[in-house]
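Shared between the two complexes below is chain A, which pairs with chain B and chain C, respectively.
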Partner chain A sequence: MSGESEKAVFEVPVGPQHPALKEPILLLFKIEGDIIDDVMARPAYTHRGIEKATEARNYIQNIYLCERVCGICSGIHTLVYTQGVERLAGVEPPPRAKYIRVIFLELERIHSHALWLGVAAHELGFDTLFYYVWRDRELVMDLLELVTGNRVNYAMSTVGGARRDISDEAAHQIKKGMEIFRRRLDVYTGVVEKDPTVRKRVVDVGKLSPHKAVELCAVGPTLRATGVKRDVRADDPYQAYDEIPFNVATYPTGDVLAQIMVRVMEMYEAANIIDYALDHMPKGPIRTKVPWNIAPNEVISRGEAPRGELFYYFKSNGTEKPERVKIRTPTLANLPAVCEMLKGYHIAEIPIVFASIDPCLSCTGRFAFIDERHDRSWVWTGEQLRAYRRRYYKWQNR
Partner chain B sequence: MMREALGVVELLVFPGFLFLSWLALYFEWVDRKFYAKLQYRYGPLYTGPKGFLQPFADFVKLLAKEDIVPAAVDRFLFTLTPILMLALAFYALFYVPIVPMVRNVAFGAFEGDLILVIFVLTMVGFLKFLAGWGSTNRFSAVGAVRTAFQLLGYEIPLAVVLLTAGMGAGTLNISLIAQKVASNGILASALLPALAISIVCFQAELERIPFDIPEAEQEIVAGWLTEFSGRRLALFRFATDLELTLAAALTAALFLGGPYGPAIPLIPVQVSYFLWFMFKTTVIVMVLANIRALFARLRIDQMVHFSWRHLLIAAVAEAIFIQVLLAAGVIA
Partner chain C sequence: MAMESELVGASLRRPVTLRYPFERRPVPPRFRGRLSWDAEKCVGCGMCVQVCPAFALELVGKGPMAELRYYLNKCVFCSQCVESCPRDALTMTEEYELADYKHKIYEFRRK
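Now for the complex of A and B:
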């Protein structure tokens, strides 16, 4: 023992491969004893070049590409993309299409939050809750399959409207499913709120103050869990959200319990939205025609993904292909906040605190160079990338 | 001559090494299957009837896998710990009455074997620490330190409640305690709180939820086990199964009378021993599995806090309670 003055700091890398992480990210922790002193996050192990690829495809082909940015929030990506293209072209989708979009978006929110609740339980070592929640998540997955024909990539939204209608029979099934799901959700809310071992692990863990959360540009449930009422659906209503009454769920404490409770409340809220939308769906067509070529224009499109605000920027140049599509996914916005949340807590809390932002890392990889010493940053053009590729493979096959 | 031959059979076959190995794999199967059922899963399914042979298949598979020894590990500890842990778990089981054949008590029974078994239980925990420490891996080191902390938490309450049973029965011979508990209903009921405490302590000893802190998968990969693979991992897993067997058999013996129980008519006494033992231990393993399905994992400081604040006090209170009953002459 060399005395208190000397800090015994050691580094623990979590990732890119680690059982707590479902996708690759490197979190480099500086640990002092058992307490996290500092953390550095390095995402972008899965750079897929989707933004670049959109420039080589036309607006219809890009729907399929954007649908695959994220496996869980595939619906909101398609919606925000098609919504942006509609704004570029200056067309308005028919009212019934807007309601259909809202219904499957809210179904997606439920299945995403249920998935997250299961993962959070697993990170706490509570595997029983994990299996139960995922079993009931299947209920929603089946409904999605019933309505859209798919479990993951629904392909419901297209430029100019929706691709499939929701029949009365399907609407009835959805309502019945929501009734069952609400009852199951009551059980899980009780478990999370009352179970002593769960409470011991989530109350006052990973705290974030509302001031800090806003300062670090946190979005979605992570922000709302600190008590800040901010939701794109309410603040900047898109689709049919301005016609549907709903509450923005917030929880004041800012710890992991708050994150869980906000998501649980959002699941209830989503079930209510679905019921309301099914009851008030206007009759009529579900799709309008949109021209192939879109005049030069610049728009942004936003939506509230299950993980927070999803942001798309579009620039068109008069052809059938976009000039630029920029995607900002919510996980990227939440990374600074989660690094702040982790500081000062135990090693044992790394998984649950990191999982509490519902990280979805494969959408997060971007490509830019930053030279910290010379304070420079730059990007490569496609030609420079290709040149690098040639050099790299030449070096590999030398 | 006949007696000696029977002794050899008792050592090697029944209830010796062969039967104990079968028992360990059987308990792993019960544990996994019941745990899975509680979680709406199937659990082991394909190997053997209802997946009964799955633990054995897993063991053989692991034996055949590549056994990697990282360059930086302490080779001596890395090789010694799995073997010693397996040997110790087997060793302790010979002092616990399972199905007494020749002497009507456990194979190695002597006055004071309870102390020896408690010592072995501590040694097993300590070996886990050494195994993790010798791995020189960051996750292993964290896991090893957590094992040591956990040992500090559960060991003393466990020793107190196990010795309480001895106090109640007036002997430190596990087999004699079991006989006394089986024949004395008042003692058996007075020991029920001790049974509950020992089950919680064994859950911690076996590193199972909510006390699976030293090998918390989501936090530190596999904790002290991280670097082990192939044969060494197979031995560790088998040793853990034997530890589960030891926990179930010891709890059954000290608090529920082990293999001794009311004679079942029309069958030989050894068969009734077997049936009673299997019944009691299977129920205990199912209770252990049920606890595993009920909770989330605690943090290490919460676990030690819980042990010293609640478990130890409960254990000491139980010991005082038994002493008072003894002094009052309630327990004959």
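Now for the complex of A and C:
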């Protein structure tokens, strides 16, 4: 080495089998010393072809297929799917069904955020908190099991309403459970706010400015943690959210602590929403009939998943099967933001900063080309896709 | 340093682990286990086959005397078939210990 200090930039690949959550993603870091200079994320190691598979199944079968897009947010996926099909068919679900949907969605939000809080604690090396949070998450899981019969794939929402009713007894148990959960949450809020080991790892780490967050189209808690008040439940109310008063939780600092605090506040909000919804649930039927074949139509449907805005696009063609279903999951929208958040921090902070967007990577798989004969694989960019579209339509209209 | 009270509480608590094969947790009221079929009620309309998202059901034969083949290894336990059955011939049992080394296929037969 010469006397002058030379900047040595290393490329460090993290993943596909490594970072934060146990799902495959490649993060290619350019490292200068110990500081991250640049990041390139490559998702799509788990392409499952769900969008294509929806075209081969009828609207009823697709409920259960879309439910399995994501394991943790299975409730919101069914809801946004069924909401979209209802819009396609021009059917309005009964009011009681809307409240039932809201209740199990908020229960799901609590369990998802509690799961994330545990995972975040684990990434910080604070495994005690991880075990305790997950123990209390079981409270919510048991309530979900009580109402829906299952811990994960609830199969609760169907095209035209809800599949199961919430009895008075179950409502009483949910309320009791929420009370206990709120008390437990007070403890964890105190731990996160006061514990010096937590604070040292999360304060001023992974900062994102509100301007940059909006520019990179961040969604959900990642965006709200920068102080931007944006939530599909409040901005474009679906189901019964326009009748339920709630606050959109925001936190101004934009670091990992803000991500934790936003999610903790959202858990409190969700508990309040559940209590309100149980008190104000109207009586009546829980489902309406929906035609088997749906006339040609085109709609979008969106909802606020625990991780952010979930977006579905539908096109029907008059048969029992959809012509096209397009799914945009929140993690895909948050990937550019997390790449920005990682820049300028140390290698040791990769796990917690990356985990702070609550990545659910199996939902982000898109497509890749694989040529088996020549042993090549490649991915198309947006520009190449547009060029292909031009070629394709030229060929069709020749 | 904010979890001492938790530690005290946990030290006084009894373990919650069940000794599984001897003790079992009761299943929740709306549990969805293995499918069962009532030959008396079934009219062989094939609605269950049409709505099954996992293609786990198959009609054997045609008409009102058709029988049902149930692929347990494909079933996702959504209970859509139970919901769609116009004669309530299908029910979900509370059986859940279904793991096996080979693909389990149930041939539901009319006697």
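General observations
By definition in this document, the second predicted complex is superposed on the first by the 360 of 398 C-alpha atoms of A that agree within 3 Å, B and C clash if a C-alpha of one lies under 4 Å from a C-alpha of the other, contacts with A are read in each partner's own complex, and residues count from 1 in each chain.
Here is the rule we use: contacts are C-beta pairs under 8 Å (C-beta built on N, C-alpha and C of every residue); 3 or more make two chains touch, one makes a residue touch a chain.
Here the structure is a predicted model, which means the values were calculated and not measured.
With both structures placed on the common chain, the touch criterion links A:Thr128 to chain B and to chain C.
Using the contact criterion defined above for the overlaid structures, shared-chain residue A:Ile350 touches chain B, although it does not reach chain C. Judged by the touch definition given at the top, the superposed model places A:Asp195 against both chain B and chain C. Touch criterion not met for A:Gly284: it reaches neither chain B nor chain C. Look at A:Pro245: by the touch rule set out above, it reaches neither chain B nor chain C. Of the two partner chains placed by the overlay, only chain C lies in contact with A:Asn62; chain B stays clear of it.
Shared-chain residue A:Val12: touches chain B; no touch with chain C. Note: residues 128-129, 132, 195, 197 of chain A belong to the chain B contact set and to the chain C contact set alike, using the contact criterion stated above.
Touching chain A in their complex are the following residues of chain C: 1-3, 5-6, 28-32, 50-54, 76-80, 83-84.
Within the complex formed with chain B, the residues of chain A that make contact are 10, 12, 18-20, 34, 121-129, 131-132, 135, 195, 197-198, 200-201, 346-351. Contacts from chain A toward chain C in the complex involve residues 57-58, 60-65, 67-68, 128-129, 132, 145-150, 153, 155, 158, 163-164, 187, 190-191, 194-197.
Chain B makes touch with chain A in their complex at residues 38-41, 138, 142, 209-210, 212-213, 216-221, 293-302.
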